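Multiple structures are listed underneath, in structure tokens.
Shared between the two complexes below is chain A, which pairs with chain B and chain C, respectively.
Right, the complex of A and B next:
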């Protein structure tokens, strides 16, 4: 097993705003193995998007504050990484797909210009023309043989390590080559028909689903070692969600990238992810292989979340819900954050500090849960 | 000042096939841009009038500069007819003459390049200087960093200048610097740049938290490049519109200083509209010889109006969202012979996505902001 591409260790982030301090992330630890897809689920306001933006250091940092912990990306700690070098991590290191496809493309530029910028950034870094990470390990290798013909061929084709071809690439990059062919390849990769026409259009002339595909194409064209997808489908309507999800799933199979997939939709995570992390009130309460977590949840919150998910058509009464509401993050409850709503709660849950994320008893090795009574969760209805 | 969106000029064709092809593509692109520009202007009569007026004014100013004898019959202080002064407008003297028998028309025309140049120069320098400061102050405003400190310094200095009524301050500076064109230009310039700092900073602040700026940052684009490429391009539209309207305002302010402070000596070798009005009205002869004041006044009015109309029209040209709609719907606007069936074909080409999603038929309709 290779080293994890990303390892978040005890990350704690607060938002300091006028109204007080909001504890957005509390002691979050997770690892993403190379080539794995990790899904993160949770309610609104539980810190999913904060986590997604904290990793590439995209959080606006007067309100956000990194209290403690590490974000080890290929061995580099991004928390202590100097700010002026952030651009060298982003894009080719950690790519990002945002929630709002409607506003994530610059309205003043044609599609070609936007994609070409991404391709150009990658080429410049490959050619060593612009700054690369000084302690840079080799970028993630996409050239693992893809199963069958597919877009994996596109992604594995270029990626030249900065060696003898530097000079040629350097010249090519400086001459502002016509990147049309490469841009077209990425548009085809995300299943856009008639890409030649799309190249000349402005973002407002495309539908939301098309724009999200272009965002995906942009992120992939930089060949990131880690791709963070922050609810890539939640701003789209249902049919287009399905299309984009199908595309993401196909791309995950073809590209073999490491992906952090944020969603509030349990079904989406079940279909795409290898591992799942469940977040509640800034805490990661359960983490483990998707099938094991879904079949044998070891945290009462996960159990309740799964029970509340709508299944097929339900005719007999209302959907199950979790009693109570998410705690105010400026005044989190003492001890385990879930204890006010938890059916298993005992005085210990309130009086002792929150339980650590420990291996769940009797489950698969990677399956961890932050509950003192993990073994008893199975007995819940 | 040509307001063309600068169609890329075709480079001189190299003898290779590639060069020829590039040249031809360049020409085609340039022609297409001109056609597009024309269609957008035609869609709005007022902006078309503004554009034509500005073009006319600029061409006239150029002729006065390069070959004055073509349209300016007399020199600024050339006595036209010693026996008959205060002549009313006639074919020989379109705007009449004054008490010295100086030709008013010639003086108005000779003042055109100066007034126009001053308007563009002061607004342009303010745009570049104040705009650059505004970009910096708006983009790097994180407290506790070097950028944040710079931003605070820039804004407080700007506030100091904005605290004074600009016209009074300009007048005071102008009086203390003495008479002359450059002294007056400097006086106006000192009071003019802070508005651009505020304008540009406000636009940058509104823009820099938009998702596409975050997306550019997430893609690994560096701050300087985000600022110069993504931010500047998107604030260009309101800033250029403001700049165009501002040329007229500068002209009025400059003329006001000329009027109140007699900043530019008149009659003299360099006539200026504000000074002309000031000179003629101060003789108290405005009721007896109204043309002396009306001619330079009308010149100011027409020039300011032209730039105002052009500014409104530019708003449409610079916005890619309205651009294509106007270009396609502008055809025969107001005439009944446009068949309704033709309109769909003027829409942007269908991306033929294959899915149930279709491109929005009205661009901009789905702007979920």
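Right, the complex of A and C next:
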């Protein structure tokens, strides 16, 4: 097994607003293996989107406050990462697709300009490591310290005027090449039929489905190591949802990216993800391989959630629902957050601190559940 | 889609046609108000004159007011803007004074755009923290300063401290022909660098006073529309591309905030044209404000009407330019 591209460790985030403190994420830990798709499900307000935006440090701070924990992205802890370096991890490192395609493209710029901007960033970062000299000699390697007498070489670079060759090389690096072909390539990748026409259009001239495809193309054009899809299909109508979902499934196979897929739709996650995480009131209550979690849920909330999902074969009668309501995140219940609504709840669920996310007994390795009675969940209706 | 050049020209043409009835209405109103507000102009113009001269004067004003108006309007249509009671023609005076005022307004607009808008961005970025409060104190103190007080303080205390002139548009009669009557432009046309610098030194203080007093509106609009735009997804997606915060703010967010700011600046620019009177008076700027003041107090009916009409045209044109810029900035605007 290769190293995880992302590992979130005991991440706790609060929102501090005038009305009080909202515990948006409580002790969330998860890992995304390279090339895996991890799905996160949960009700509205359970912290899914907070998690998605917390990873690339996109949350406005304040009100968000990182209380504790680590976000290790390719070995770098993003929680202690300096703010001015945030842009360097975004785009080529972590890409993101947003929920509202109607708002996620800038209305004032043409599609080409927005896509070319993304491609240009990637090219700059690729070129930053290996600037090729015009005479084809060894490329500069800026990632390593200069050879020979270190400080002296740096000084001489500053003091001695650049040679014509160096100047030509830097001009070539600064020049804005025509990125049309590359942009078209990515538009074709997301199955847009007439990409040449699209280039000159503004976002408001396109439908929601088209805009979401362009967003996907934009995120992919930077070849991110990790792609976060924050409910990419929720804002679209059902037929377009199906199209975009099919596209995403095909792309997942094609680009082999590591993906964090946020959704409130259990069916979508079942079809796309390798692992699934279930969130409830800011806690990650269950995490494991998709098939195992769906077949043998080890947390009462997961069980109830699966039961509440509409099924095709249910002929009549009301849909199942979970009794009670989601707790107020400014005053979470003591102990396990789910105990007020849980059929298995006993006094220790309230009196002891919330159960840790431990391996579920009798299940596949990697299947973890935060419940004292994980073994008894199977006996629930 | 109605966004071709032809559509734009038709749009501008329509707006200019609309200007004609507006202008006629303004002239009628200005004519009526000037003529009914002064009870006996002859007595003011000729306080110690003989009865015969007074009778001549009364003869004009005893005619019905519509006859007087048609006489005036006939002259206007043939290009005669009238004259003051002393026989000084109105048109040449306005042709000299208006460009100077336009220059002053443009200079203060320049300062408002290149200082006021970035201040708005800074305030929005640090909303609720000390830079935001500092910016707010700055523009509110400008907003709260009476024009005469600000102008006098700058002219008397700040001008000598900075070693800048506090009156006129040149230090002396310039050694070249004033083609446009805009001091900096004329000096540039003549290719005379020392005089350009001299003209700029005379321009900077009155323009700065005007800008300081009116900057609040640009800063505040930029700040509030930036705050509206910043939480939107496209700003986040720009950030998620890996762009630096500067590019995200000044390219992606500001571009969309400017759409509202432009409209407000257009209205402000139109208003400034007529609002420079006090600043021009204090800095003895040879602009139209001074002329307007004299025309109203004399009273010089023809001059007052002409000034009102010119101001109206200025307001309409400033709004038209703002609308065109608005359309250029926002690709969703349809010219039709």
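In this section, the second predicted complex is superposed on the first by the 335 of 381 C-alpha atoms of A that agree within 3 Å, B and C clash if a C-alpha of one lies under 4 Å from a C-alpha of the other, contacts with A are read in each partner's own complex, and residues count from 1 in each chain.
Methods note: a residue touches a chain if its C-beta (ideal position, glycine included) is under 8 Å from a C-beta of that chain, and two chains touch if they have at least 3 such contacts.
Predicted model, so just to flag it, every value in this text is computed and none were measured.
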Item checked: Side-by-side fit of chain B and chain C on chain A, or clash -> clash
Margin query: So in the superposed three-chain picture, is A:61 touching just chain B, just chain C, both, or none of them (first/second/both/neither)?
Written below: first
Next item on the list: Going by the touch definition up top, name the partner, chain B or chain C, that contacts more of chain A.
Entry: B
Notebook entry, point to check: Who does A:208 touch here: chain B (first), chain C (second), both, or neither?
Noted result: first
Next item on the list: Scan A:243 for contacts with chain B and chain C and give back first, second, both or neither.
Entry: first
Note to self: I'd like to know which partner A:276 touches here: chain B for first, chain C for second, both or neither.
What the structure shows: neither
Notebook entry, point to check: When the two structures are overlaid on chain A, which partner does A:91 contact: first (chain B), second (chain C), both, or neither?
Noted result: both
Next item on the list: Could you look at A:194 and tell me whether it touches chain B, chain C, both or neither (first, second, both, neither)?
Entry: first
Notebook entry, point to check: Which residues would you name on chain A as touching chain B in one complex and chain C in the other?
Noted result: 56, 58, 60, 87-96, 98-100, 103-109, 117-118, 121, 125, 202, 204, 215, 218-219, 222
Notebook entry, point to check: Which of the residues in chain B come into contact with chain A in the complex?
Noted result: 142-144, 209-212, 214-223, 229-230, 233-234, 236, 320-321, 324, 348-349, 351-360, 363-364, 366-369
Next item on the list: Using the touch definition up top, name the residues of chain C that touch chain A in the complex.
Entry: 231-234, 236-245, 252, 255-256, 329-332
Note to self: Give the list of chain A residues in touch with chain B in this complex.
What the structure shows: 56, 58, 60-62, 87-96, 98-100, 102-109, 117-118, 121, 125, 192-194, 197-198, 201-202, 204-210, 215, 218-219, 222, 235, 239-240, 243
Note to self: Taking the touch rule as given, give the residues of chain A at its contact with chain C in the complex, in rising order.
What the structure shows: 53, 56, 58, 60, 86-96, 98-100, 103-109, 117-118, 121, 125, 202, 204, 215, 218-219, 222
